[in-house]
Structure formats: structure tokens, C-alpha cells
Amino acid sequence: MAEQEPTVIEIGDGAAIPKPEDRGLLSAWWIAFVGTIGLIVILPMVKPDPYADILRFIPDGILVTFKVTIMSISLAMVIGLLTGLGRISKNRFINLMASLYVEVIRGVPLLVQLFYIYFALGRFVRVPDIVAAVIAMSVCYGAYMGEVFRAGIKSIDFGQTEASLSLGFNQRQTMTYVILPQAWRTILPPVGNEFIALLKDTSLVSILAVSDILRRGREYASESFNYFETYTMIALIYLLITLVLSKLISNMEHRLSHYERR
Amino acid sequence: MNAAEPIIQIKNINKTFGTFKALDDVSLDVSVGERVVVLGPSGSGKSTLLRAINRLETIDSGTIIVDGRNLYDPSQDINRIRMELGMVFQSFNLFRHMTVLENLTLAPIKLKKMPKSQAEELGLKLLDKVGIREKADWYPVQLSGGQQQRVAIARALAMEPKIMLFDEPTSALDPEMIGEVLDVMINLAREGMTMVVVTHEMGFAREVADKVVFMDEGKIVEMAPPDRFFENPEHKRTRKFLEQIL
Amino acid sequence: ETTIVFATDATWPPMEFINSDKELVGYSIDYMTAAGKEAGFKPVFKNTAWDGIFAGLAAGKYDAICSSVSITEERKKAMDFSEPYFTVRQALIVRKDEPVKSLADLKGKKVGGQIGTTGYFAIKAAKGVVPKSYDEIGLAMEDLNVGRIDAVVCDDPVAANYAMIKYKDTLKIASVIETGTVENYGIAVRKGNKKVLDLINKGIRAVKAKGIDEELKKKWIGQ
Amino acid sequence: MAEQEPTVIEIGDGAAIPKPEDRGLLSAWWIAFVGTIGLIVILPMVKPDPYADILRFIPDGILVTFKVTIMSISLAMVIGLLTGLGRISKNRFINLMASLYVEVIRGVPLLVQLFYIYFALGRFVRVPDIVAAVIAMSVCYGAYMGEVFRAGIKSIDFGQTEASLSLGFNQRQTMTYVILPQAWRTILPPVGNEFIALLKDTSLVSILAVSDILRRGREYASESFNYFETYTMIALIYLLITLVLSKLISNMEHRLSHYERR
Amino acid sequence: MNAAEPIIQIKNINKTFGTFKALDDVSLDVSVGERVVVLGPSGSGKSTLLRAINRLETIDSGTIIVDGRNLYDPSQDINRIRMELGMVFQSFNLFRHMTVLENLTLAPIKLKKMPKSQAEELGLKLLDKVGIREKADWYPVQLSGGQQQRVAIARALAMEPKIMLFDEPTSALDPEMIGEVLDVMINLAREGMTMVVVTHEMGFAREVADKVVFMDEGKIVEMAPPDRFFENPEHKRTRKFLEQIL
């Protein structure tokens, strides 16, 4: 009796990295890109009040957004690597701890985690808000990264490990010299995805009074009452950033594939 | 260590997978410079035996002593023992993210702390030996199977092991490439390397083996020099196997 | 009887907040309820986030805002205000052990306030301090408490509520900030919505005339 | 020259639906589940003030969260179906519009979209908060759902379409009677994922003062000042809900596979 | 419509994929009750011709008239024409989410608005005819290939088409199952169904064909009754093909 493996669909965490074969999104990318830049340039010219004002108000928020994103993704990758290793560990306790971490983090909304870690941290240690925000984002994304690393490591043929061990490398060296450098290639696309998703999610830290793009915009809007125009501009800026990032990441992927293709 | 003592001493080892007995009270000695060829039908435990020798597979009982060191003695560093044992796999297992030369130099540089230049010199010499020096900067995927396997042999040799273990090194190769790999192995044998080889290449077995071991159902059924083994096998099962395969 | 829908951001104790029975209560709430009784309208209170409360008014999501809105020149351009119903001053709250007396002592330090409030505007107007805006004043107080910021500026009844109840062991009111002008709460309505404004003004006048506001002050603020 | 198809890792949008083969997460599921229930029961008993108070305060927020989630997912599925069909449409214009929609929505943080749709909608039509929240969530998740539907539809062998057309069904009938009922099976797991992700993301509507779980918690905290305890309870409640939902969905998947397996 | 007029009239049709000419000026008439078998090497355009008849493939030029209706006349509803044409595919293409009986009743119920009970009666009758009534409530994956193909034939027949098109209905089947499908087709032919069959089953062609069409490189090279076609083919290319295949 024929049994067919059911197809698995997984949709990423919201980044729109166009794949070369995806023609629809590719040309949509161009239109979106040109349209976004066009609006960002034209709106302030046509209607300088408030659009030009908004553009003047927001830039330091962009810096904060990037700062939080880059610090968070770096920390999240460290946590993710450890979690990923924990999830494939044969040590039952470590394995369980890593799994539990993933399970709990995935089960709680990021915003709740942000509040929680922010306040909980505040109770026990005195850290600046931006550090608290970075820690909260990293703890959350570390769980997702853990799954990415786990899948990446598992995608490497076990023969690589055996060859490395038989040369005299220990488990840790094998991971460092042989498995991770190869897993990196498999991991890059989802990491790129997570990076963009994280950048977007940093908008949540605006609620913790970190002056990112969104916070800056809200401050402007609350004084000028130009809600509609401010949020239009904010959305355009985010869109521009993610469009550019997704293109960069997709290009990087192509370059990193050298030892597979050339 | 007594020079006359076997460099590999396997005593009464057993291994079960679940309820399946893959190695059943196997004992085998290999002397320095000896070439042992292991034959046997599929599933008879040849690979398991070979992998037990460098503890890629742990055994359930029995002892294995390599170069005077007990593999299961907790005071022994298994990684140091493995450096003495070069292993070549059916599926080559070259490191895909490294060039041929990097494959060869990684272990000497990291494990023996050999300076990079010296490791590369050694690497190139070994590539010369296996006849593909010109591919030093290529990546594994760019090579044919035969070339990859020769690199894999060179990679194992780069650690200057005392013993080489081969697990069906030519079974994944197209017929045209088998010869080039066997040539390298024959040369190695001529230079006096201690070798344990699992293979189905009878010609190779005849030519280089000092001792042929025949396994079936996890047991060593027969062990003899190749002349006697091929011309006048003692056991029925050996005869049946030879009939099928020749 | 007319119904007037008031938006209120119920995170501003004791003026307007949610009590443990999940009821919207507070000084402003009682005040408008009393005003309604006097002027003959039925107030309905709608909990609304502060950030966007004015946008909602402009969009017609409700008729008026009763949420401790200080009457400012800027705001008057965007909406109409009732007669003042409460006079506030901006209070500076710091940790108990700090010798700070005024915003001038806080040069280079972080001072928090709720986004879009007059308290926050006062911080921004002060030279040399680093302003930080929060969604809710409670978040700013907590951050002050744990040391992420060094002071908070907000309306004095709210400041008193926080510094004397919840954080009485750690926070104190350092001073009242003199801005030179009198700051009053007013009910905001959409520009030109005279009908609603008149009703509300009528109610406010009646409440003041009967002295109900003094009772409410006693009840909610303890003055 | 051997060329190997690079492995693709995709990590879902945060739901933790344990797959039967994933032993680590499965037992982690049980521990998390028992632990969560344990804490929710024990904390109010050991320290009734504030935990029991919090538990009394929050329940109607749970209802609101579910209401918003269910309405949003329903609407998002309708939008997603249309978008998915648009993305596979041969009509270049429809295809481009659908792609553009996906591209733009994916490029803007949900929180910004929420604010934007909330304020923009407010300008032009007068809708209650909860409706604005549902519309915003649906517009956002519709884009993701669109990709899910597209992948689901594309996973169905083209022979099914040809067989249907050759019987005399038109394109629409083919979609309705033949393709979608089959695609549904492939689509269910990611839809389950999106459902849980959406439920978690509804926490963002608390910012619009919709009285969901998180809003109720914030209200309680802002009056009682028990931030830490409140957020602990909120996190536990979300965790319990997502743990139970992920289990339900994973069971449902098993049952829906009847025509593939029996 | 004149009764003597062919039910399928194909006139000078052409079809290119990119630069590749899949159909090159093909003309073919099929009369009511006639059985046409199409032969030819792989890639010669047989499937393309068959699929052109119910417009699963659109042609670039030429005309196709089925049952008096021009396939490319915009006033004609292609879906109505397709109801007259049953089609059976190499890969069965049963609806995987429906039971066998549901597969049979879907089209009559939805397209002909037949009451469910009547459609089921019809379906069961057809399942009887193809010899698998007992599988009515099974799902396609539970059936063998031969059974699935018989269901596919029954499904096509449920719309009571005037013409049946078969595209290599037995090539995806294991040898033991080919017979059971051919039997069904032979019975259908005996009952007088108009059939166009692409197949490699020469026995079937000999037994039931009224006319054998041989295609090569998108052209109809030879068209003849089976006796003459197999015993005395005119064209060199036909002879070469028959030599290879027989």
C-alpha cells in the first residue's frame, strides 16, 4: 500500500528574503524598494510639515534600533549555540534543561517576556534599560536560534564526525573545526531570517522606553498629534531597512556557497 | 613494550546492538608491519570489528590493547591512541569546507601543534605520494571519488599513524577508480605499514595480505595466510563464501 | 438624557485608574459623574491608551477626554477644552537618599515621564537632563525605584500617591517645579463640539458651586 | 562533479508543537505543563496576596485574547487564501499585487502595523478598538497565511488539476473540490503554528488598550505595583494556553491524516 | 450534425514548446465508434496530440472540432466539451482525499446536478463493470496501481462521455496488473465506445484498433488498419520502430 510522506510547509519568522526562484516576490521586491524610497524622498518634499520634521526627529532612533538588534543577535547566537548543543547532548539533564528553555520561551509572548525580564532583572540587578532590553531579546531569540543551530548541526553527515574523531580530535574540537564551520552554511539563511525578525521585534522595546525608531516616532506624534503621518514614515523606514537587509542576506548566501558550487 | 608483542591485541570481545550480536567472542592479534585483510558477507561484523579497534564503536566485554595501551583504561586518553590509528572510510568523509591541503594539515597543526608551513610541506609530500599534488587547492566536491579516497588516505597518513585501518575503501567507487586507490594501498603495504583492511577486492587480498580473516555472524570463522585461505579453505562457510564471490 | 463617552487612560492613580474590582475609579471619574448628575448627562468611561488618546478623539472614537489632560497652548490648537476642573503642579520625585532639589541638580542624568504629558514636556524643557518617555507613569516609577533613571516628573497628586504609598520607603517628592504658569486639567473635546462642551462646563460649574470638588479631594487625594 | 542540494532549515513562528519524533521536547512538554499548572495552583495558595488577586483579576482578559485570536485567525485565513491564490495566479497584475502585499507586510513590524492600521483606520472609519485590533492582526497574518496557502496548494500534484479539468470542472471548481481539500492537510500544521503565534502576538493589542490578558495584568500592576508577581502570572497563563493548544493541534494533525495512512 | 461526420476533426494543428516543435501539421479524423491507437517513440508528440483534443494543451494554429464544436470558438464552453471527453492518465490521478465511490460521484453530482443516490447507484454500477465494487469505500492509496487505474476509467465513464482518451494507461503498472486494465478497455471497445489510445501495448492495438496512427517528431508518419500497419508498414521509420519494439 503506497504511503506518501506528507509535505512539510514551514514559513519563516516573517523576513522576506527573496529566493532566486521566487519570481513574484523578486519583482515585488523591486517595486516595494523603489516605492519605499520614492515615498521617503517625495513626502517630505511635497509636505515638509510634518514629514520633513519627522525625518529629522527619527534618525537617532534608527541607530538605537540597530544597536539593540546587533547586540541582541550576537548574544542570541551564543545562547543559541549553547542551546543547540544542549538539545543534541546525550546528557539527559543538559538535554532536558535546553528543551525546557526552548519550550517555555516559545510559549510566552515576546512582549510579556520583555516586561518580565525587564522588571525581574530590575529587582535583582541594576542594569541600564538598553542592556535589559538586549538581554530580554537575546533570551527570547536564543531559544529560536537554538533550534536553528540544532538543525544545522544535525544536517552535517555523521561521517564528518567519525573522520574527525578517528584523526584524534575530541568532541569539542570536532565541533569547532569540522561541524560548526559546515553547519554555518546551512544556518545562515535562517539566521538571516531571525536577524530581520529580531530587528522588527526590537520595536517592542519601545514600550520599555528605549528610544528606538518607534519610540522616537511616538514621542513626535504625541506632541504634534500627527499620528497618521508619523506612523506612515515609521513604517516606510522599517520597510526600507528590512528590504535592504533581506537583499544583502540573500546575496551573502550566494557568496558563502563557494565550496558547494564552484 | 616488548617489540615482539602484537601491536593490536583483541581478546574475546563482544558487541550487541539491541538483541543482535554483531561481534561474538572475537580475538585477533596484529603484529607490527603485518597486513590483515578481513573478509566476510554483509552484516558479518567486519566494520564493527574495525571500528572497535579505534573505539568508534564501544564493546560490551573483552579487551583491546593497541600499541600497549588498553582502549578502555580510563587513565588512557583515547584521542592520543586514535592518533596512532589512521582510518579510511568507505564514504571518504573528507571535510567538505576545506581544500585538499587544508584537509591534510588540520590535524597536524591542531593536534601536533606543527607549524603551518611544515604541515603544508608534509601535506604536499603526501599528496605527491598518492599522486594528486596538483589538486592541493581544490575542494572535495570538485574531485572524483577515487581522488577523494586518495586524499582521505593521505589525510590519515598526515598524522603518521602506526596502524592504518581501511573499511571497504573502494566499494563506493566506480570500477575505473578502484585501481588508483588500490595502488596507493599496495605501495603503503610495501613500505611496511601495519594495515587492517576490510575489502571485497580478492586480488588485493592475495597480493598484500599476510593474514586473511574470514568473519561470519560476528565470529571469526577462519584465519589463514592468503595462499592457504584461497586455495584450501578449511571451513565449509568459507568455501561457500569464496564460491559466491569469485 | 444625553450620553457622553469619555476616554480615559486608567493608569494615573489617584485621578483615574482601575481598582482591584476592575472598576474604573478615581477623582476625575467621580468628578465627571457628579457633573453629569448636575448637568443632566450620562458619562460613559472608556479605557484608552494614553498614546493615541488624542488621535482617537479626532477620529471620533469618543466625545471627550477625561484623563488629567493639562490645558496647554499646543493642545488648544488641536482641540477645545472645558473650564479647568483641577489645578496641578509638576512634582519632581527622586530616591530617598538623593540630595536632589530641582531639575537643575540633574544635569546629565536620566529623568522619566509619561509620553505626551506636561511632566514630560517640563523635562524636555529643562536644560542638560536626559529625558526618557514611558507609556505609563508606573513604569517610570519602577525604573526610578530600581535605579535605571534618577528622577520622575509628573502631576503632584499622582506623585504623592506613588511616593507616599507604594514606594514610601524608597522614593520622595523632592520639590514642586515652578513653571511660571498655572497648570489646569480640562476636559478635551473635538474642535467645535460646542454642544458637548457646554454640557460639561455646566456640570463643572455646578460641582464647584456645590463644593463637591472639595469632598472629592478629601476622598481621593487626602487634602 | 558532485553537487549537493543544500539543506534548508526553517524554524516556525514560535509555536512549540512537539513532533512525535522529537523526544527531547516531548518530555520537556510534560515537565513544562506540569510545572506551569503547579505554579499557577501553588503560588496563589502560598502567597494569596497578590497571586490570588491577580488570578481573580485576569480571567476576562483571557476571553478577550481568545476572541481576538479566533476572529483574527478566521479573517487572516480568508485573506491568506485570497493572497495565496493571487500569488499563484497567472494574471501578472493580481500576482504582483499579492506579492507586494506580502512583501510590505513582512517588512514592517507588527506593532507598527497595529498602530498604523489603528490610527489610519481611525481617520477614515469609526470602528471599535477590538475591531481595529482584529483587522490589524488579520492584515498582518494574512500575508503569512498567504504563503502557507500558496505552499499548500503548490504541494498538490498537478495531475489532480488535470484530472479535474478533464472531467469538465472549471478552475474555480477544481480549486474548491479537489485542490483545497487536499491542501488543507498540508496546511494544517503551519496554520496551527500561526494560530499559536497569533495568540501570542495578540498581547500587542494590549497597547491599544484592548483588555486582553496582558492589559488586565498591566492594569492590575499599575494599581497594585506588583509588577514582578503580575508578569509571572501572566507568563504562566500564556504558557499554559500555548502548551495546551500545541498539544491539541498536534493531536488533530494525527487525526486528519486518515486518508494518507489508514 | 451529419451522422457520417467524424466526431473528432483535427486539421493541420501545430504546437511548439519554446523552439521545439511538438506537433507539426497534424491532421486526424475519428469517426463515431472508431478505435484509434496512437504509437510512436518517446517525445514524438503523442501525449501532446491527445491533450490537445480536450485542450489541456492549447495549440498554436489549426482547428480541432469535437462533436461539431470548435474547441477554440470563444462562444463554446470548454468545460461542456470536456464533459463529452473522458480522459485517463498514465498516473491515474485519482482524488486522494476521496473514497473510490466519491471519486466517481463528484463530477456527476456537481456538474450534472445528479442526485447523490442516483450518482452512487451509477458509480456502483461502473465499479461493477471494472470489477472492484468491493473497494467502493476505500481510499486510493489503499489500492494497487491496476485497481486505481480501473477506478480512473470508471470515474471518466461516470460522466457518460462520447469519447474516451487514454494516455499510456498501463505504463505505470507492474506487469501483473496490466492485463486487468486492458481487459476493461477491451470491453469498453466491444461496447462501441469511441476511443483514442496512446499505448505501447501492441497486442491491444492489434486486437481492438480500427486504425493505428504512427507519430514521429511531431508528425503523423503513417496511418493504417492494424493488419496492414503491423504486417506491411509503408514507411521506413515505422518499420524501424516496429523492429525495435516487437
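Here the chain labels run A, B, C, D and E in written order, and each chain numbers its own residues starting at 1.
Here is the rule we use: contacts are C-beta pairs under 8 Å (C-beta built on N, C-alpha and C of every residue); 3 or more make two chains touch, one makes a residue touch a chain.
Since the structure is predicted, the reported quantities are computational estimates derived from the model, not experimental observations.
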Partner chains that subunit A and subunit E have in common: D
Chain whose mean Cα position lies farthest from subunit B: C
Rotation angle (°) superposing Cα atoms of subunit A on subunit D, nearest 5: 180
Chain centre separation in whole Å, for subunit E relative to subunit D (CA means): 46
Computed distance of Cα centres, subunit D from subunit C, in Å: 38
For subunit C paired with subunit E, centre-to-centre distance based on mean C-alpha positions, whole Å: 81
Separation of mean Cα positions, subunit C and subunit B [Å, integer]: 82
Subunit C: positions in contact with at least two other chains: 51-52, 55, 58, 135, 142
For subunit E, residues contacting two or more additional chains: 141-142
Junction residues of subunit D - those touching two or more other chains: 3-4, 115, 119, 123, 185, 207, 227, 260
Parts of subunit D lying in touch with subunit C, wherever the complex brings them together: 53, 57, 60, 115, 118-119, 122-123, 126, 129, 207-209, 211, 216, 218-225, 227
Residue ranges of subunit A in contact with subunit B within the complex: 157, 159-160, 162-170, 173, 177-178, 181-182, 185, 259-260, 262
Subunit A-facing residues of subunit C, complex: 51-52, 54-55, 58, 74, 78, 112, 115-116, 121, 132-135, 139-140, 142-143, 145-148
Complex contact set, residues of subunit C against subunit D: 9-11, 13, 17-20, 22, 47-49, 51-52, 55-56, 58-61, 135-136, 138, 141-142, 166-167
Residue ranges of subunit D touching subunit A (in the complex, touch as defined): 3-4, 6-16, 24-25, 27-29, 31-32, 87, 95-96, 98-100, 102-104, 106-113, 115-116, 119-120, 123, 144, 147-148, 151-152, 155, 185-187, 189-190, 193-194, 200-201, 203-204, 206-207, 214, 227-228, 231-232, 234-235, 238-239, 242-243, 246, 257, 260-261
